[in-house]
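In the two complexes below, subunit A is the common chain; its partner is subunit B in one and subunit C in the other.
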Partner chain A sequence: MKFLRSPRATPYLLLLPAIVVILAVVLVPLLVSFWTSFTGYTLTKPATLFQFVGLRNYQRLLGNADFWWAFARTIMFITIALNLELVLGLGLALLINKITWGQRTLRTIMMFPMMFSPILVGFQFKYLFNDAVGLVNNALFDLGLIHEPIAWLVEAGLANFSIIFAEMWMSTSVFAILLLAGLMALPKEPIEAARVDGCNAWQVFRHITLPFLMPFIYIALTIRSLDVARAYDMVKIMTNGGPAQRTELLWTLMTRVGYQNSQMGMANAMGYISIIVSIAFTVFYYRKLTSARAFMGGAQ
Partner chain B sequence: MSASLTMEKPWQRWLIRFGVFVAMVILVVPGAWVVLTAFRPNIEILARPAVWIPHQLTLRNFQGIFGLLTTQPGLPVVQYFINSLVISVTSTVVALAIGMMGGYAFARYRFRGKGALFLGFMLSRTVPGVALSLPLFIVWARIGLIDTELGLIIVYLAINVPFTIWLTDGFFRQIPVDLSEAAQIDGCTRWQAFWRVEFPLARAGLASAAIFAFLTSWNEFALASQLSRTTASKTLPVGLLDFTAQFNVDWAGMSALAVLIIIPALVLTFVVQKQLIAGLTFGGVKG
Partner chain C sequence: MSNKLTMALLASCALGLLGGAAMAQDFDYGKFDGYTLKVKLIGGTQYEKLYTRIPEWEAMTGAKVDIVSSKAHFDLDREIKQDIASGSISWCVGSNHTSFAPQYGDLYVDLKQHIAQAELDKYVPGTLASAMVDGRLVQLPRVTDVSNIYYNKALYADPAKQAAYKAKYGKDLVPPETFDDFKNQIIFFADPPNLYGTAFAGKDEGMSGRFMELLRANGGDIFDENWKPIFNSDAGVAAVQWFKDIYDAKAVPAGTVNYGWDEIGAAMAAGQLAIDLDWPGWASYFSDPASSKVAANLGFAVSPVGTSGHRGGWSGSHSFSVTEQCDNIPAAVSFAVFMTNDESEMMEATAGNLPTRSKTFSDVVQWFKDNNKPALAEMFPIWQQSLAEARTPPLIPQWIEVSNVIWPKVQAAIVGQEEIKAALDEAAAQATTIMQDAGLLK
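== the complex of A and B ==
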């Protein structure tokens, strides 16, 4: 009680509500799901919440082909999407940096996709890639490039392409905006000095611009790896993992097993694996970020 | 900037402009097409061959989703809209209050476990919403928070608080401590000094933190879709998915609903675009 009135307690008291909220909504549910991942919990039979089954859920998952497909697809999806977004975002930032007039307007336009919630992006591309009324097929028809509608969201390769395209539409801007800010902060002197010494444009980019941008690149990757799971919303409305699980990601498989098949224990085991995947990506990029910062600090 | 431009040949300059133009078209056309669809009659949307230039624009799709037309039963869009608004506004206001307290503590005090606590808050953000929805569904069902506005408000609090702490911590750090100390020497208590000196200075930053929080709640889907069941708590994004579940997909009606969801986001993002960029970048520059 004495501690509570002392000035040392102030920061803790200020943080108390925030801690309570995180405990109640994140930590306690995570403990619950940790427990349920070791039980045969089925939504329809509440008593099964206390039926301890050890590692059975995890063992079954590891021996399940559907799970491994979804797992591999999720890793591929994150890796491909983040890298392509980075490359395209960097390209876009470099282009816009070269334009002197109307840069501000261009930046505002770039923010356009960031206003869309993932569910809207998903709907938008479900519509655009629709085989009967979609903009893409209509355009290809009228240009005489195709005579039969292309089933963008049905054929396995095309469906996965469409999803990655939608993801990139949604998030390339994040990279472009961040890297553009980095380019604007780029000191001019080293570049001019390099030019005087006879470096060509590629050499300047490779040895000056890129190293300077590295912290910005990794902060962008860290931020993106935090919310990459929002792609669930998008996939849910576009294909819902289908048809026939061709676009199934961990996130869609998890909800199917948990809510539709009521196998909550199994679903939570998958949930834990997906959390580990997310944290792994975030930690990986965050480490790269700190080392890039240290490198920049040492160079300056 | 101009120095580097002089080094380009005219054809290079045009190539750059062309590249930027193509990129902007790709970024704008999909969204613009949905907005246009919202104002077009269904006949034109389904027409074959495709009608590119609209012959007529109509508000019927909006009347349709609000149930103002006798020909089709409307969705409870008004109720979804009210739910979205109540949930987003309430969780934003409370998250801002809680987050501001936390941000102030991190910016102004030294205490044991500070680094670990901060890391803990940030780590809580790495949990994907969809993975969190499973255990939350179980817990909320047990304590009767399933399908209530309060249930979603509490969840969005937890999503928004860490980010608000991160932002406000940054804003309060930028305000010199001397100002508050001077006010305290002049006879203010720390509490008064906060409200009279630091709060007004941080107000612009707090406003943008509020808009971030609002947009996050307004756009959230993964958790809302599992924790709401009926019109009692369903939000607009969940309503949009219900629409696709119907047998005949009503593209025009869905587009109208999409426009309804995007308008507040569009306005608010436009208002805070400067802070949004600053918020995104300051982690990169400072750390």
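== the complex of A and C ==
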């Protein structure tokens, strides 16, 4: 009690509400979900929350080929989507940075895809890539480029391509906006000095612009890797992980197991294993971010 | 279960005609002035027309209805499971389905304890029997689904096609009576990308259900009498082979393995399909010239038989249930009965749905005749024939979970990713684990 009344307690007391809220909305659910991953918790039978099954869920997952395929596919999905979004986003940012008239309007237009709900984007691309009535196939037919429909959402390669394409359409502008912010903050002096010293455009980009942008790139990559690792809505609408689990990602699988099958204990075990993906990407990008900032003299 | 259901359905239709006078007794809907009834209802065009009757119930009882949720059934199912898990059942009436009901444990009341037998006798006995879970009547059925064939009459009436079919298969071109004929006709009519023989629900319970239907028609089943999964039998392999054959022949849209009911219905209405094995609820949509290109040529036929000489008769009912935790169970029961009473069933039936009250079957045929809808009047007796061999999926809580291991493997076999027998064996092994975990299989 004496400590509570002392000035030393003031910071702790001020922080207490925040700590309570964080405990209530983050730590407690995390602990409960972690506990359930060791139980046979079935959503429709609340009593099973206390049915301890030890490591059974994790042991079953180790031998579950469908889960590991979804795991690998999710890593592949993140890697391809992020790299393509980065390249296109960087290109867009560089182009828009060159514009001197109408840049604000273009920046606003560029943000439109981000404003759509992923479910809406899923329906939009499901229709575009539909093999029977889709706009893409109809256009290809009319141009005489194909003579029988392409099964965009069925063939393994094409189905994954279609989903990545939709993901890129929606989120490339996130990269573009973040990198454009970096370009706008770029000091002009080093670039002018390099040009005076005879550097060409590529050399300026490679040795000055890009190193300066790297911290922004890694921040964008970190944010987007967490986003893409949780990809669900769009995939659910476009293919629901199928056909034959060709587009199954961790979240479509976990949702089916957790909600449709009611096996929330097993779904949470999947969740805890899959967190490894997010942690790995975050740690990797954070290290890269730190080294990039160190290179720029921004951190030790 | 299925034979009893079949007999009961047939008997009920006869009883419906004979027992009209005995059913004249009116249900007392009660007075609940100032009470607000919270409900969670299935959403979607074909289901929501019935909700236009809600103001009538409100005026009659003095209560108000608050629709706290209106979603597609799989989303509603997810939400209800979340409510059970979080212990927040603050609503009274929920949409339900015979395939989903066994999962919910004791969430819903036994309506036999709250509704007089005289009122329950007005429902089709077989339909009511399939609404029971562990001997408890946990739902009041509002419409029954059973597979039937819709076909484009214009294609069958084309003399050139009739001659070509006869020359190729040695048979007259009439709606298919067996799954073999069905397959031949699907391949025969296909002229992609403008016309496909048919399309099938290729994912979720739609795929599992269609597989189950063909499996049963071929003499197989999902489980044996001890709940051992046996769908990887020869009958199961033949069932998947049927889907694979029409898929490989490109007689169905390649995307059909991603199709749900809406995509199939839209394709049929757009005139892109020659034949469609589908639910009664589409009849009104397909026969409406404003929404369907095949309206003028829409034909109806009973679903085909398999190698066993029987129909698979995949069937189920949409329904209303009342929660145990409802704060005014009489009001909730009143609402559920009102939404399935004679007038409500008539509204469902005039839209082409199979009603769940015996009396409506005869009333609606007369209504179609009086309202110059001869095609729909012709349809109802055909739908009743299909009911004769109607069978629900296994009425156990594990059905959806087992379905979720069946359809991805059936898909994998259809698209050629896995060999059929290996895919079914794998699914059967996973289903065995599910049944063992549930304690149903030792």
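Going forward, the second predicted complex is superposed on the first by the 255 of 300 C-alpha atoms of A that agree within 3 Å, B and C clash if a C-alpha of one lies under 4 Å from a C-alpha of the other, contacts with A are read in each partner's own complex, and residues count from 1 in each chain.
Here is the rule we use: a contact is a pair of C-beta atoms (placed from the backbone, for glycine too) under 8 Å apart; a residue touches a chain by one contact, two chains touch by 3 or more.
Please read all numbers here as calculations on a predicted model, not as lab measurements.
Enquirer: After the match on subunit A, would you call subunit B and subunit C a fit or a clash?
Expert: Aligned through their shared chain, the two binders clash on subunit A.
Enquirer: So, does A:Tyr259 touch the first partner subunit B, the second partner subunit C, both, or neither?
Expert: A:Tyr259: touches subunit B and subunit C.
Enquirer: Subunit A residues in contact: does subunit B have more, or subunit C?
Expert: Touched residues of subunit A are more numerous for B.
Enquirer: Could you tell me if A:Leu226 is touching subunit B, subunit C, both of them or neither one (first, second, both, neither)?
Expert: In the superposition, A:Leu226 contacts subunit B only.
Enquirer: Applying the document's definition of touch, where does A:Pro243 land relative to subunit B and subunit C: first, second, both, or neither?
Expert: Once the two structures are laid over each other on A, A:Pro243 reaches subunit C alone.
Enquirer: Based on the superposed arrangement, let me know which partner A:Val133 touches: subunit B (first), subunit C (second), both, or neither?
Expert: both
Enquirer: One more residue to check, A:Leu62. First (subunit B), second (subunit C), both or neither?
Expert: Touch partners of A:Leu62: none, neither subunit B nor subunit C.
Enquirer: Tell me the contact category for A:Arg293 with respect to subunit B and subunit C: first, second, both or neither.
Expert: It touches subunit B, and subunit C stays clear.
Enquirer: Of the two partner chains, subunit B (first) and subunit C (second), which one does A:Ala72 touch, if any: first, second, both, or neither?
Expert: Touch partners of A:Ala72: none, neither subunit B nor subunit C.
Enquirer: In the overlay, answer first, second, both or neither for which of subunit B and subunit C A:Thr44 touches.
Expert: Touch status of A:Thr44: second partner only.
Enquirer: Could you say whether A:Thr36 touches subunit B, subunit C, both of them, or neither, answering first, second, both or neither?
Expert: first
Enquirer: Determine where on subunit A the residues touched by subunit B overlap those touched by subunit C, and list them.
Expert: 130, 132-133, 141, 259, 264
Enquirer: Which of the residues in subunit B end up touching subunit A in this complex?
Expert: The contact residues of subunit B facing subunit A are 1-5, 8, 13, 16-17, 19-20, 23-24, 26-31, 33-34, 37, 45-46, 49-50, 52, 98-99, 101-102, 104-106, 109, 111, 114, 117, 120-121, 123-139, 154-155, 157-158, 161-162, 165, 215, 218-222, 225-226, 237, 240-241, 244, 251, 254-255, 258, 261-262, 265-266, 269-270, 273, 276-277, 280-281, 283-285, 287.
Enquirer: Give the list of subunit A residues in touch with subunit B in this complex.
Expert: So the residues of subunit A in touch with subunit B come to 8, 10-12, 14-15, 17-19, 21-22, 24-30, 32-33, 36, 41, 49, 91-92, 95-100, 106-120, 123-128, 130, 132-133, 135, 138-139, 141-142, 169, 173-174, 177-178, 181-182, 185, 188, 191-192, 215-216, 219-220, 223, 226, 229-230, 232-233, 236-237, 251, 254-255, 258-259, 264, 267-268, 271-272, 274-275, 278-279, 282, 289-290, 293.
Enquirer: Give every residue of subunit C touching subunit A within the complex, in rising order.
Expert: It comes out as residues 74, 77-78, 81-82, 84-85, 87, 103-105, 107, 192-193, 196, 202-204, 250, 253-255, 257-258, 267, 270, 272, 397, 400-401, 404, 408, 411-412, 414-415, 417-418, 437.
Enquirer: Residue numbers of subunit A touching subunit C in their complex, please.
Expert: Contact set of subunit A toward subunit C: 40, 43-46, 66, 130-133, 137, 141, 148-149, 151-154, 239-246, 256, 259-264.
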